[in-house]
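You will see two complexes here that share subunit A, one where it goes with subunit B and one where it goes with subunit C.
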Partner chain A sequence: MSTETDDTLFTDVDLVWEHRKNRIFLAIIFAASLFGVVALALLLLDVASDFYVGLTEYNISLVDFFTRDGSRREELSGFRGAIVASIMLMIVTAILSFFVGVGSAIYLEEYAPDNHITRLIEANLANLAGVPSIVYGLLALAAFVNGIGMGPILLAGAIALGLLVMPIIIVSSQEALRAVPDGVRNGSYATGATEWQTIRRVVLPAAMPGIMTGTILGLARAIGETAPLIMVGALFVNRMPYGPLDRFSAMPTQIYNWAAEPSQHFIHLAAVGIVVLLAFVFAMNAAAIYVRNKYETEV
Partner chain B sequence: MTDNTSGQTGFGGVSRRNFLAVGAVAGVAAIAGCSASGDGELSGTIDASGSNTVAPITSWAGEQFSNEYPDVLVDVAPEGTGAGFQEFCRANSDVQSASRQITDDEVDLCGENDVEYGFIEVGLDGLAVVKNAENDWVEEITLEELQQVWEFESDVETWSDIRSEWPDEEIELHARDSASGTFDYFTREINGEMGNVRDDYSATSQTNEIMGAVADNEHGFGWGGLGYLRDIEDDQPIEAVPVESDQDGDFYLPTQENIEEGNYSPLARPLFAFVNIASLEDRTDLIGSFARFYTNGQHEFARDEGFYATTDAAQQENHDKIDDWLDQVGASPDDLTVQRA
Partner chain C sequence: MATDHESEPTTNDAQLITTDVQATGTGRNGEPTEPVVTARDLDVHYGAEQALNDVDIDIPEHRVTAIIGPSGCGKSTFLRCVNRMNDQIDSCRIDGELSFHGKNVYDEDVDPVALRRKIGMVFQKPNPFPKSIYDNVAYGLRVQGMAGDVDLDAAVERALRGAALWDEVNDQLDSSGLDLSGGQQQRLCIARAIAPDPEVILMDEPTSALDPVAASKIEDLIDDLADEYTVIIVTHNMQQAARISDKTAVFLTGGNLVEFDETPTIFENPADDRVEDYITGKFG
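Then we have the complex of A and B:
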């Protein structure tokens, strides 16, 4: 008796197969979402193991690493010049790109009429954000390094990076400005404030956390950029720059340089350099998250 | 480190390129300031272009020079000998490292741009002829046999085509492609004409591929930069073949002794540094002192970077050349901060 009931109840084999397909599909998309995480974990693991081998087998001293400049001699090589160059690059890049970027965003969001010139500017910005970074390097090489005879100095590198991060800053600033409710603006206008007063006293302070987050994330991208700096010619200088007019090699170019050396010692110096560079990138991303979380609620 | 200078400002970034460019006023002022500040303390930037092979030597010399004179920066860009001459002959660099002599086309280019130059010989690089370690029949090879194997339309297919007592097995040939200075050198020295080579060998731009292929195959045969052989010969079955010397007709392995004494010839090639005479005229003490410093330490710099030293006679000849250049620009060797050692 039971066999008959079972038969009638469980004849629908397709349903089981459908459930199984459901689970298979779930497994596949879960694996797909893990893929990036696993790749990142493997990468970090590889860097960490090279870092460890560098410190133990090749006796790379972290103190020397942070207090010496690069050298042709692997045992004398350090990262100080590159770290100083990268920090200086970030400062100059921020100065060059922040005001122009935020200014453009304010114009486009607060003032610009909705006509085809504005749309042309916005379309261009979207395209600029997608331009490969090496193109900015070529531009800086042609226009500044060779064009006006600046030479391969830090300022030229900062200009290339500034152009690179500017679209990022503009787009994130626009989003931050757009997120400020119109009621806040109208309230300000109702008290008799002019457009500029409203923007300066009301809109910008409210949008600043978003703008800062975008700027820091843009700079975090810029600090790891290698291609534009190679184009500018900042590759084989080992010494610490003392100002924006000095020649330089930043962290990513110094790593590139070391990784291209045949000697294993240099390759492990590159691994230690990568850990330092990653620490900078993570710290900048953490700062961006901190700024966003701390000030976001006060709007 | 020794390069902790507090006085260094933007002047370190001023190059010869600025000199030539439109907005050169600041550059001129900076460089004039540098050379006027004289009094034994050198400062400024030296732009060095050139060979990927020789750049490490120039770079190491430059670093030592900077350690001695902290306000000097020697910026070495190793773009390759050919690409480097394109810069050098357009007066975009002060010093040019070269793994071969300047070609006629490059001489013309320098001429068009009124670039006068001189060169010094800074070291030697060995070219190794390599075979697999299992290969016990090739104990030596003559220059004529090498040409027979490698020349254009060569009919050598098997070992027995070279010497009848060698096995009747096909040779697997591996060597550099025509983009390399090593190729230029080998074809000119062995086949008599740059670019003259048979067209049915495995050509690569990577010398380590040549070495790897020969180590993998008993019948492999090829040539390439000696440094690459040194990197793998201890771990892999590959070895150098003694080559006939054009000096005394004996056969020599590419050892340090044989290369530095001049017996491993013609497959030891000289490495050069070219100097722009106009740069020397502009910044006599800086460029002249660097040339002098480079020459004083050239044996050490070359050996430190895995190459071989020139003869002492070649070193003295370099010093004499520097004296001639100084004479040419109206300066005296005694004016330089760095003196002949």
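Then we have the complex of A and C:
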């Protein structure tokens, strides 16, 4: 009697096809999520094989690669000048964008009244973050390289990259500041601190890991940017820069330059350069993740 | 020197002291005391909503004054009027008078930062800074520019002892204040509030987020604090008010201060029927 009712209770509900759809959909979205991993793996494989061929068949010596500057003669060409230029570029970019970026974020989060002007600024920041990087290069070319006659120097490139990373720094700093609990701010005010003391001694230290993470990620994006540097005129320079006022070619522009050469030797020099550039990018991303994990339990 | 600059909003002591304060209470040992905090016709609105309605009160020195009442009756609002923490809330509008030693703290020449250096505050949810225990306690002394004038180590120890926390943390002053338990964090916040030696300490339901053992430690502490400070404590726990306070103010819905008297009188023989109903649990 009871088995009979159990048999008939759910038999009118046919879910076989629904469950199958469920599984199919799951398979599709899983494949989609693998797409990024596979693409990255293929990319790395391609780079690695070119790198290997460069080292073996073209006898590119890593020692020479890191100790020589670029040259029009392929067998004398190295990456040192470009590496030094990129590091210098990152330092100047960081100096230019960090203080302005964090300052803007502090103003917007801690001081700005909630009015039209503030909302206008925030909307424009979102727009700025979406501007194609070549436009920053054009701006730097028009305003600094030609406008005030700076010439195609490293500082001009740093200005273009600084403008590029500024929205990233501002937005991530705003998020970090917003994540600081209001209870902590109130605790500071109630202890007789001024606004600035509260920001400098409590809010900023608490937000600093988030700000640093955003800044490093922004710089990791800037170090691979090619278009703005080409606009600024950082091409066909082989000499190592000795200061921000020297002409320069950074890692991505040197790679771009080599890859456009007809000679296979130059093309494999570019492959080795790409490995070095990627190593920089991965190291910076790892540093960002490290900073985030190390401090995320705080607050 | 940077620290000198930071201590800039110095309190003008003279402007906070007035001459014509009448004695309105008796201290713990019987001698009359003058009110430290007084409110006259105090109205507070958040936008269109009224949170305090015509509050008049004289809070005596060196005693524990409890503020009780149902949730939403304006207890926290009143407390935030005293140290002008309401300034942080854009929609908040204050009319009437709230005086500290007879000086209306909402007068234009009063700097709220200077006011808060005389009036410490402890919040409902413990809110230590993400800094070491030592830096938490030293914070007030540092921002108030006193770090160079006093022996900081001694001041930190004194404040931690005053907050009954020294014995538990003296070997870990460099570890983060966030690593402490909830009850310890709240005592750390009390230490932070008393370290710069304010005159008044405001406490907004300081034990409501804590377990009973931690809460009773803080209750014991409050009793000691009244020897040196004027304590104003908001609580919605009537037993707590009865246990720890000398005077009790009862706020009821609409932001009205219905009755303010000696604590035993409020709990045993209240004048107002609504207070009696509230105390005996008939509403609220």
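Here is the rule we use: the second predicted complex is superposed on the first by the 284 of 299 C-alpha atoms of A that agree within 3 Å, B and C clash if a C-alpha of one lies under 4 Å from a C-alpha of the other, contacts with A are read in each partner's own complex, and residues count from 1 in each chain.
Following the convention adopted for this analysis, contacts are C-beta pairs under 8 Å (C-beta built on N, C-alpha and C of every residue); 3 or more make two chains touch, one makes a residue touch a chain.
Every value quoted in this text rests on a predicted model; they were computed, and no experiment measured them.
Peer 1: Determine, for the superposed arrangement built on subunit A, whether subunit B and subunit C clash or fit.
Peer 2: Fit: subunit B and subunit C sit side by side once superposed on subunit A.
Peer 1: In the overlay of the two complexes, what angle sits at the CA centre of subunit A between those of subunit B and subunit C, given in steps of 10 degrees?
Peer 2: 150
Peer 1: Of the partners subunit B and subunit C, which touch A:L245 in the superposed model: first, second, both, neither?
Peer 2: first
Peer 1: Thinking of the overlay built on chain A, is A:G103 touched by subunit B (first), by subunit C (second), by both, or by neither?
Peer 2: A:G103: touches no partner chain.
Peer 1: Quick one: is A:S71 in contact with subunit B, with subunit C, with both, or with neither? Answer first, second, both or neither.
Peer 2: first
Peer 1: Could you say whether A:P132 touches subunit B, subunit C, both of them, or neither, answering first, second, both or neither?
Peer 2: neither
Peer 1: Where does A:P181 make contact in the superposed view: on subunit B (first), on subunit C (second), on both, or on neither?
Peer 2: Second partner only, subunit C.
Peer 1: By residue count, is subunit A touched more by subunit B or by subunit C?
Peer 2: In the superposed model, B touches more residues of subunit A.
Peer 1: Looking at A:P205 after the superposition, I want to know if it touches subunit B, subunit C, both of them or none. Which is it: first, second, both, neither?
Peer 2: second
Peer 1: Looking at the superposed set of three chains, what is the minimum CA distance between subunit B and subunit C in Å?
Peer 2: Least C-alpha distance after superposition: 36 Å.
Peer 1: Between subunit B and subunit C, which residues of subunit A are contacted by each of them?
Peer 2: Touching subunit B in the first complex and subunit C in the second, no residue of subunit A appears in both lists.
Peer 1: Which positions of subunit B touch subunit A when the two form their complex?
Peer 2: 1, 3, 5, 8-15, 17-24, 27, 45, 55-56, 59-60, 63, 66, 73, 75-78, 231, 304-305
Peer 1: Contact residues on subunit C for subunit A in the complex?
Peer 2: 6, 8-9, 83, 85, 88, 90, 113-114, 116-117, 120-121, 123, 125, 127-131, 139-140, 142-144, 176, 178, 189, 192-193, 196
Peer 1: Note which residues of subunit A are touching subunit B in the complex, please.
Peer 2: Residues of subunit A touching subunit B: 67-69, 71-73, 76, 78, 145-154, 233, 235-247, 262.
Peer 1: Where on subunit A does subunit C make contact in their complex?
Peer 2: Counting only subunit A, the residues touching subunit C are 114, 181, 183-184, 186-194, 196-197, 201-202, 205-206, 298-299.
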